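There are two complexes below, and they share subunit A, which is joined by subunit B in the first and by subunit C in the second.
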Partner chain A sequence: MPAKVITITSGKGGVGKTTAVANLAVALASQGHKVVCIDGDIGLRNLDVILGLENRIVYDIVDVVEGRCRLKQAMIRDKKLPELYLIPAAQTRDKNAVSPSDMSRLIKELRPDYDFVLIDSPAGIERGFRNAIAAADRVVVVTNPEISAVRDADRVIGILEAEEKGPAALILNRLNPTLVKNGDMLSPDDVLDLLAIELIGIVPEDENVIISSNRGAPVAFDQKSRAGQAFRNIARRLNGETVPFMSLDHQGGFWDRIQRLAGRK
Partner chain B sequence: MNETNSLIQIKGLRDGLLVSLDDAPWEQQRTALITQVDAQPAFFRGARLALDVSSQVLRVNELVDLRDQLSERGITLWAVISESATTEKTAQLLGLATRIAKPRPEESRQFSVSDLGEETAMFLNRTLRSGTRIEFAGHVVVLGDVNPGAEIVAEGNVMIWGRLRGMVHAGSKGNRAAVICALDLSPTQLRIADEVSASINPREHPRPERARINENGKLQTDFWSNG
Partner chain C sequence: MGFLERLFGKKKSAGDAKERLQLVLIHDRTDLTPAELDSLKDDLIATISRHVEVDAQAVQIGMEHDGRSQRLIADIPIKSSPRRRARKTSS
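Let's turn to the complex of A and B:
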């Protein structure tokens, strides 16, 4: 079966796109899928760092596009997961080094041999974003429960709708259940009320995410981490499985409502 | 030159190029334009291009394809000028400008809603998300929400069958009789003619509401009541 091509984007920077890509890639590969992730953030690459593969980079995506190497030569195999590959971005060029049609050609070449291609989009809505969504079958928008991040997510969803890229799915990242309960943070209800798209996962705030990113071993490897569990669940949902939303609060109430929300399309 | 080039005229503007297309099927026009660009890549590279498509009715994928093709040749499509309301709407939803001239000094002629006629409405069957700006020389009707960060500027009335949380300017050319109605009126800002009101706090129990300029010349909102 040809690969599913999924682009992860957000509009606003710093909401956790790259972390999401790394974790979903690790989770999907651990679940036995052949996965390629592509760093679309040319000029500001960091997916390689989060995956702990920085020191293995010889060729990057611009080398492929400009014909200095074959696609396979730019694909770096993960240290732990033999079915996980990274195509790194170039650090010394800018977004204009790659065009949407370059991206489509590259994806076309990958499609027959893999199960998932995950594309890490840069922040913003300019050329790099256009490259990242050019060949996507599905777009996942990451946001935080903050007004500015939600506003930018709304903008990106609007662009995707206007260009008829199909309905986007939402990951709500870095949710702090205690703050929400005290009314100090936007609730998933508030966010979905405005964005009105399918919720595919809620990732709780978890300091292990930062610790593991710095170690170059995404938190999805960590069986004890709540955030890791959330990413593993999202990966299964991307694969078409139905996975109940996990309860982060044992007093029920709030999280029961989330589960009901998640059940609605 | 050859016949394809007779389909397009190119004019220099202060800040870019204006390309006018003659009446012809879209596919021919598009090919003619791309052919022209490919014949003189150095002339076009880096250009900001405004496109006058006269009465051509264009759909989203047609405009997106053209924009991407131009973008790969280093050309930015920033405006589409059209006599068709459908094309105008498509362009605005894609974030393209639909007027290129600087606004003229405020025209002094008086407008009234009835001058606009009842046929001059734009109907949007969708939610307007952040970053969308709809400008229309008539009434605007939205079946959906207007989210924060979205803007509607209409010369006539604006009616939102949904939640209004963005910015709406009705009677934008000075029509003080224009009104704004919404099922839930919680805008970032409202304007009618030259009156401006800052945000209205979200209602605990939203009800259909209408904003207008009252007898004292101030913006006023009233809940809708059947009577």
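Let's turn to the complex of A and C:
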């Protein structure tokens, strides 16, 4: 079966697009799929460091587009997962070095040999974003439960609709259940009410995300991490499986345990 | 502000965020500024007034959203006609 091409985008920067791509790629590859992820952020590449593959880069996507190497030569195999590959962005060029039709051609070459192609879109709604969505079968929008991130997500969803790339699916990243419980953070219901698109996953705020990015081993490898579990669930949903949403209740807190013991939860 | 809110300080901030986003998204999605909406309201009043007398002061115009689509809602009270008023006073 030809690959499913999924673009991860957001409008606003810093909401966790690259983290999402790295984790979904790791989760899908761990679940036995052949995965290629493409860093679409030319000039500001980061997917390589999040995956811990920065020392292995020889060629990048611009080298492929400009004919300096074959596609296979620019594909870096992951250290742990032999069915996971990265095509890195160029660091010293700008977004105009690649066009939407270059992207489509490249993806067409990848489709027959892999199960999933994940594209990490840059922030914004300009050329890099257009490149990233050009060949997508499905677009996933990442947002945070914050006013500016939700506003930008809405803008991107509107553009995707106009470009007939929709309906997009939503990942609500970095949700803090305690703040939501206290009424100081937009809840998943609030965000869905505002954006009115399908929710594909909620990722709780988790310090393990930072720790794992320091080490270059995405949190989806960590079986104990809540965020890792959330990303593994999203990966299954992308593969068409039905996975129940995990409970957002804070686990393990002192008061929580007392309440549990008292049978109040 | 309700009793509980007064007791515990200010209103919860998530509610503020949602309300503000609702307004911002309507304007973002329709590309209509509040000023443009006002001018639309004036045009509507002028057009409808050619056919029937309306209470221009009481006209309300706003946006509502239904999923991802927007709806323009206008509430335009019509002044009762002199004929009907005349009948009312005569009865």
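One rule holds for everything that comes next: the second predicted complex is superposed on the first by the 249 of 265 C-alpha atoms of A that agree within 3 Å, B and C clash if a C-alpha of one lies under 4 Å from a C-alpha of the other, contacts with A are read in each partner's own complex, and residues count from 1 in each chain.
Following the convention adopted for this analysis, contacts are C-beta pairs under 8 Å (C-beta built on N, C-alpha and C of every residue); 3 or more make two chains touch, one makes a residue touch a chain.
Fair warning: this is a prediction, and the values are worked out from it, not measured in the lab.
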{"item": "Which superposed partner A:K108 touches (first subunit B, second subunit C, both, neither)", "value": "neither"}
{"item": "Which superposed partner A:K80 touches (first subunit B, second subunit C, both, neither)", "value": "neither"}
{"item": "Contacts of A:E163 with subunit B and subunit C, given as first, second, both or neither", "value": "first"}
{"item": "Touched partner set for A:D190, first subunit B, second subunit C, both or neither", "value": "second"}
{"item": "Subunit B versus subunit C as contact partner of A:K72, first or second or both or neither", "value": "neither"}
{"item": "Touched partner set for A:V180, first subunit B, second subunit C, both or neither", "value": "second"}
{"item": "Subunit C-contacting residues of subunit A that also contact subunit B", "value": "151, 154-155, 157-158, 161, 194, 196"}
{"item": "Complex contacts: residues of subunit B adjacent to subunit A", "value": "60-61, 64, 68, 71-72, 93-95, 126-132, 145, 147-150, 165"}
{"item": "Complex contact set, residues of subunit C against subunit A", "value": "12-15, 17-18, 20-22, 24-25, 28-29, 65, 67-68"}
{"item": "Subunit C partner contacts - residues on subunit A that touch it in the complex", "value": "146-147, 150-151, 154-155, 157-158, 161, 180, 182-187, 190, 193-197"}
{"item": "Subunit A - residues contacting subunit B, complex", "value": "99-101, 127, 130, 151-152, 154-155, 157-159, 161-164, 194, 196"}
